[in-house]
Amino acid sequence: MIALALDVGSWILLVAGSFICVTGGVGMLRFPDFFTRIHAAGVTDTLGAGLIFTGLMLQAGLSLVLAKLVMILLFMLFTSPTASHAVAKAALHSGLEPQLDDVDDRSGVDS
Amino acid sequence: MFLTATAAILVVMLMALIRAFLGPTLYDRILAVNMFGTNTVLLIAVVGFLMGRPEFLDIAMVYALVNFISVIAILRYFEYSPPDETVEHK
Amino acid sequence: MTAVAVVLMRDLFAVVMLTGIYSLLSASFFVVFDAVDVAFTEAAVGAGISTLLMLSTLTLTGRYAKESTQKPWLALAIVTVTGALLIYGTLDMPTIGSASAPIHQHVAPRYLNDSMQEIAVPNVVTSVLASYRGYDTLGESFVIFTAGIGVLALLMVLQRRRASDVDAHGPMHQHLILRIVAKILIPLILLFALYVQFHGDYGPGGGFQAGVIFAAAIILYSMLFGLSAARQTISQPLIFALSAVGVLLYGGVGVACMLLGGNYLDYDALAEDPVAGQHLGILLVELGVGITVASVMIIIFFTFNGRSLSERGRRR
Amino acid sequence: MRHTISLSLLLAIFWLLNSGHYTWLILSLGLLSIAIVVWVTHVMDVVDHESLPWHLTARIPGYNLWLLKEVMVASLDVAIRIWTGAISPIVVDVKASQKTDMGKVIYANSITLTPGTVSINIQDDIITVHALTRVGARNLAEGEMDRRVSRLAG
């Protein structure tokens, strides 16, 4: 009974995760400029990877495999924003301008 | 069920590859490579389960590692190289 | 497909990245074919270190390929013919996994069936590499060692100026997020490398991969905190010594076997019990390989980078 | 000294979780490996309160749960926008009220981890953020995440 519930749960998580990953891929192709594409990659990196790994964890049961899955997921959640930030910063430094909706609106929103 | 995930991940890898080919800027390519790497980690983990050999997780770990380090390395060489080399791709 | 694109691109930098993708892809294939150890090596060596080293080369040579004046038709023709022949050859090959394939009838059954009794190491690849094929692996370590020496010989002669004059701080030292994240990660990466080193007996892994991961951690450190800091941490003479120690350890194990009355690299002689002897032998040999690989990789990286830095300093 | 001990402890846990082989040989090799790593990192001078934020341990789980919720909500929002294509990218500066570098890093990384907002630069205590939508930017500017991180890491 519990095994069945775990199976169903991991099934749902894996399918949802796959869908989110594909969504991220679509965004990667559809979005207009580099800075918006980072967001698409972020969707795959965080929610997609998270769901798939959680699905696998349910399959693994209480074992060292579970521990390894947790470690890899933590590692990815730790490094992926770092890498994204580094790439974005580098792009900004090299003079790549983000494509904005309308002209400079910096002061308008932060209050 | 693992097959669904595998297929989806392969599709995403293909998409990232297309973005890496198209560019247009250097940073798009780097981002695409990073995303490709993330998906490779996922793929290896899922395939490991598909084939019932969770030892593959060690490889997934190495990939996650290598992915991070190589992105940093690529950036190090291009963000901080002398200006005469970086202007060209603007 | 990726390979074709690699050849077509003129921007060398894009080529480097695509080669990275290419090795990621091939590693996935190895995983699918259940060749865990090969995939592991491809992951660490192909995708990781070779990308790093190619990048360092690019900083030396510049980013764009020279327009070649003569059209490489001849080369293209030769490559095409070779490729066609290879594909023709594969037609004769037995289908993957078929039991009648020659590889399954030659030495493989012996390796697969007897290695548990003779060596008692669950990972067959490790026992094949380090024990049955001990000589080959010894040869490979020597090749790596020689490669390291070769690179040094080529680049050291040209190197006039110490790089440490040029970069006082790591160029990325100012990068707040990277600095802190790397500080947290580096100890874990180092320990993971050693874990891979000592668990080659049980899972995928072993000296080559461990050495590469270890070197990658050091390279990450030197990228973030500067070459001179890294050089202070790990002094040049120490790495030189270590790279030699690795090979010597391997060779020394062989000699020890002979002294104890066995053949060269016959680990049975190392302990009373042949199985324990095999274990000890493999462990030491893998350690030797790991040390050599790690130190040679670090040497190559340091030399390349030191050189590009001093080039840059001269230009200024 | 305190850092050395806590680092060894952390590494020991990492080793035991990874290894799965608890024979005396492998365990003693593990001890040796930990000693090597501690020595190397000591020489590298990367071991301090920044690499081992033990003082945060108690408060991290609560923050992570909150962040998890935020990430899920934001991801779904971005996922919907990917399919519909309704985006209005904007760049804003937000103030990071954390005093320590560690706090700023946690804040900036949390921003990036949440899809829809990416921190693209840190200058002193101003984080420049690229947001996919105006709403996302406004949520961030309201500063709930900032306050929570400040409470977490000063």
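Couple of notes before you dig in:
Order as written gives the chain letters A, B, C and D; numbering starts at 1 within each chain.
In this text, a contact is a pair of C-beta atoms (placed from the backbone, for glycine too) under 8 Å apart; a residue touches a chain by one contact, two chains touch by 3 or more.
A quick note: this is a predicted structure, and the numbers were derived from the prediction, not measured.
Central chain (C-alpha centroid nearest the global protein C-alpha centroid): B.
Across C-D and A-D, the chain pair carrying more C-beta contacts is A-D.
The centroid of the Cα atoms in chain C and the matching centroid in chain D are 31 Å apart. Chain D has its Cα centroid 15 Å from the Cα centroid of chain A. Look at where the CA atoms of chain B average out and do the same for chain C: the two points lie 20 Å apart. One inter-chain figure worth recording: chain A and chain B are separated by 13 Å, centre to centre, where each centre is the mean of the chain's CA atoms.
Listed for chain A are residues 24, 26, 38, 68, 71, 79-80, 82, 84-86, 88-89, 91, each touching two or more other chains. Residue positions of chain B touching 2 or more other chains, listed in rising order: 26, 30, 58, 61, 65, 67-68, 72, 78. Chain contacts: chain C has residues 177-178, 181, 184-185, 192 touching two or more partner chains.
By the document's touch criterion, interfaces exist between A-B, A-C, A-D, B-C, C-D.
Taken together, the chain D residues at the contact with chain A in this complex read 14, 17-18, 20, 71-72, 75-76, 78-79, 82-83, 85, 87-95, 108-110, 112-121, 128, 130, 132, 134, 137-138, 141.
For chain C in complex with chain B, the touching residues are 2, 5, 13-14, 17-18, 20-21, 24, 27-28, 31-32, 34, 36, 39-40, 43-44, 47-48, 51-52, 55-56, 58-59, 62-64, 171-172, 178, 185, 189, 192, 196, 203-205, 209, 213, 216, 219-220, 223-224, 312, 315. Here chain B touches chain A in the complex through residues 1-2, 4-5, 7-9, 11-12, 14-16, 18-19, 25-28, 30-32, 34-35, 38-39, 41-42, 45-46, 49, 54, 57-58, 60-61, 64-65, 67-68, 71-72, 75, 78-79, 86, 89-90, going by the rule given at the top. By the touch criterion given at the top, residues 10-11, 14-15, 17-19, 21-22, 24-26, 28-29, 34, 37-38, 41, 44-45, 48-49, 52-53, 55-56, 59-60, 65, 68-69, 71-72, 75-76, 79-80, 82-84, 86-91, 93-96 of chain A touch chain B in their complex. Per the touch definition, chain A reaches chain C in the complex via residues 78-79, 82, 85-86, 89.
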